[in-house]
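In this document, chain identifiers A, B, C and D correspond to the written order of the chains, with residue numbering beginning at 1 in each.
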């Protein structure tokens, strides 16, 4: 069996999640090639050495350009800071590597367009890591919608709820600084439910959006527990949004209502999605990610109700590779599913979804929402671009 | 339309619940006769006068014998202390009245047998108020089991969970004194899930039971909040069971597991019932009484899950009389349903279920469980009696 | 004790719900006056006679003007078609009656303003029946927010979800015709979560709204089950919105996201409300109306979680009047609570909330949302009017 | 850092789960030694070669005696058929290896006693793999009970519910044959909730048990879907129990009610545990394994309710090693936690819990329940043995 040598650029949170998936994919799935965790790449050699050992990589490198240029490398996996995605991915594609890129694809529509152009020209396999598409419950949801179980779609109602900076005394970490983070809840988590809307329902036609920052100033460093910011505490300005939401008209006539926030105390990583169609409804919450609720209006009138489907059966997407029914899986498995499909696509040199075009579409919608929030009116999302080869 | 004059004996908790039902039944159901709240009867005239006004009765009486003897009275409703049920009900039946009797029917199997004999001989309509049978969700459950939706029944798993005396400092109220209350959790709440087992699954063949008292001594009077019983506090002996449970073999081969307790903190009036059959399962919890969960093994493999049926549709038992779908009803409505059916039975002089024989069967099972707990071994429940006319 | 004679105008769905509340209020609450169900008024005498009997009213009348003029009447309860509220309520106030008016107060802001002016001038007690404010769980929520349990409010997230016309073959009933119904989901159910937003969070500053009709044409009459509209079936135009939603900026800085739809299959009467603050969160769903979920960020870190509060305790609003803890109540009880508070206000000649000003505010917001939907941009909600005496 | 060479005996379901844990433990936990997946051992060389590759083992062996005798091996992990546990574990202990043994420890109390004696004499680290003790939610539950959050324990209520052979046409697989499987639901899943009862509440004093087989005959081979066993289909006898349950008196005065069944349609791997004490209650369901429900009776009266704790916080047991709060984990992680603790114990030569004595205690209770089921009366569980060195 063919071996595919992987170079992972980046080794923080996403590096940890991707590494686990690279290690685990061929332990549970019958892949068409064997991934080899060849080299992990970052800036600080000492940290990198620890990471390589901890995450199972054979070699380390502090120069991503060398990794990208290395002829023995087949795949480049980009999990670095957002502002470096474009440069690394483009170099890798130009070097003929298959590329898996963490979200966001790039920092702007302009940057994403360049990445798509290079990807198209290169003929290489390219994928963006929107791992939530491969939660078995959501893959099952998409399968059911495609097969017509819900009929015509009316509503897409999605929330992404977190709570980590909800306390006004939480300090001004880098994620709350626009220069470093790019954006707040909008790019970080709103982007996910925008992608899932495209995956489950279809293309966005226009949006009316709102971005808002609740806490405008925060302590520069962590304060002692529960103590309010006092005289003498140095404060800094929060320069990202705390919450982002939008109303949406989809091209197919469905209506969307999306909301992302970091200020929903008690919701740790809640992704609550409800889809209503003319024949049925679906409901999902990521905090309960092994379940999918399905209301089938075709059931007899006195026996109708949301079915609580435990998506752990061999008949469900991805689930059969793991454990018997009822033995649930977790967050990390969504990356393993993504990488399993990516490896198969690379092995067969076939396209895989979501790809860089999906990354670009996501960015177009994000920018439309931002523009709408500024202009305080509805804004159209650009049509799918005919210039894409 | 015929008017049926009602005499209610007793005006405490059950008197309040029955009165409400008598008032409401013909406001929501098309009854075959009109109930008239004629007289309410109790021992203390001053309290009774307040109760009559509050609960909507035209007259009061402090002598139940006079009420029973009154030729204008058609129905006697018995909600008095448990040790008076037999005497009043028998007198009423002998006077040719239709009788609705609160549970328990009597204090012993012997007493219940006499009541059944008189009821059978009298030819009057007789009913025991096991109101939980007329929760729409449970009436729907029974309908589904009868129609074969669950196939052959394997398991009846029932809990009745309360928590009011779980704090060891809770005082020795009358319900915890055997002389007054007769029994504890066993007769009070275990009796309900025993009745529901007979309603939903069938007759009990044999039981292995356990009765237990956790807190053997309690303060005679209420202590100040949260304070442990201290030196100087007068203590008294708890003479009823705190919890009662049993394993059951049903006549039809099903297996039961029942448990009732007053020591489940956080469970206020939880009646949790699960029934598993060869084709499907049902789940119910009284704290969420407008819902019935139904697992249908005939659904396609990847779309199976417990359906969360909101039992408020016009196609569901009793629900159509009330409000539109999704507008839930509550505890008191179960009495209204009971009395609506009772009134119709009396108007048409037809039998209604559950009747005094069901009250007797319940008592036979209660005593079998007590005997089993004492003997520490399995005990048979008597067969249905052939002597019943 | 004083008796208050009530004249009920209207006897359909809301008439049934109000009648029940008038009958039941003094059976469970210690009122400061006794309501007497004196006269029920409508147009069709035969139907009215049945309704009076069924709903417990002593007299009937087919002329609301006579009822309003009747000096023995103390209270006028208006549950007629929306386009008659203003005329009847104004006449009643001018006749010195206390007035309870179903929602909507009037058909337009202009009409509502006139009603408020008359109400203020009359000195009579006036109330609008937004009964959902008196669900015990929501009254408890408001109490907790007022007492600071949630800290500063960030988010108000509310859904009102129904499904009755989601099937495209559902016929063109009057509620789907603008001329008769005034509006669709917007005025019918969006209005409720707008009112609850004002009740729980505060005044609305500005809105960005969307009204949409999914099914533009429907069969004029009900078709046989499941059959698609075929050639030959006469179709008519739907002239109301199927869904209405808005993003909101509250005056106090909170952000709202509201959505009402009749196209959410499986949601019968779902009112899902989540409020996030700096110290905690609350969640409520009307289909589970006896429960309130509360996340308290002050709990120890490893013991935090949404508390599932069964709002049936004597310490909770209204609950003590009914049954012991865990014995749940239903939809109709919210009207009983409303009328109990209204009777007490009338007896003591004191203001009660929500009143006609709340009805006006609701209408102002509804119109702002409509305007925003048409203009496709944010629209300000008028400030509270200084001209109100 | 020290390396510990591991020999895994067995490569089926449990072999897969253990292998994953051996691979993953040092990727997420800071272990005190590094486990090396040296050799995997089984009977069929071809299958074994595939398994070694798939599961990450360096070498294969078809002779467990050689593996046990190999001086380079530090740890023997036993996941073979139940009837071989004793022989392998004893040989490994005698060879001075640390031993991790899958449940059951042995086939009988007699066999378990011998294993305990050898383990004690050997001075080696020994552990039984009751992995469910290391579900973060249950580890948290035990921590809370130990710290007194629940006060005195009254009730342990546990269900283990599966449904795979609930269809009477399901064929007579090896797990339903006593000769091969030893026992049915009793040894397979009842054993787990017995172990959790000891872990969470304490030692069992006496039991009243019931074992039952619903379907006494089954087709010898799988029949075509949904077809009833027909004339001509060869049937065989089911020789294990389908369900096992018991009532329990714990030594500390708590009362237990346990039930395990394979006949609960819709319950795939439901382990539902409720514990009620004098100060609070806990609830857990394995199908929702990242959550723990906690009722705290010390909360203010109107704010009490079961808290829905998402056990994914860094303050919770094991959770901090994985992902941020709200990013859930699954079934396989319980093995990783077990093996992480085992590796640390071996590295430091310290005892670890649960050990072989816990395996023996479990077997003693299983046999007491079987005896009780046969004798149809209560049976005492032996006291903790004084002869253990």
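What we mean here is this: a residue touches a chain if its C-beta (ideal position, glycine included) is under 8 Å from a C-beta of that chain, and two chains touch if they have at least 3 such contacts.
Here the structure is a predicted model, which means the values were calculated and not measured.
Counting hops only between chains that touch, subunit A reaches subunit C in a minimum of 1.
In this assembly, the chain whose C-alpha centre lies farthest from subunit D is C. Centroid to centroid, with C-alpha atoms defining each point, subunit A and subunit D lie 36 Å apart.
Averaged C-alpha coordinates put the centre of subunit A at 54 Å from the centre of subunit B. Averaged C-alpha coordinates put the centre of subunit B at 41 Å from the centre of subunit D. Residue positions 267, 304-306, 310, 313 of subunit B are each in touch with at least two other chains. Every residue of subunit D that touches subunit B in the complex is listed here, in rising order: 152, 154-155, 157, 159, 163, 166-168, 208, 210, 212, 214, 242-243, 245, 247, 253, 255, 257, 259, 261, 263-267, 274, 276-281, 295, 297, 304-306, 376-378. By the touch rule above, subunit D contacts subunit C in their complex via residues 140, 144, 149, 291-294, 296, 299, 301-310, 313, 315-316.
Within the complex formed with subunit D, the residues of subunit A that make contact are 13, 17, 20, 23-24, 26-27, 54-56, 162, 164, 267-270, 286-290, 310, 312-313, 322-333.
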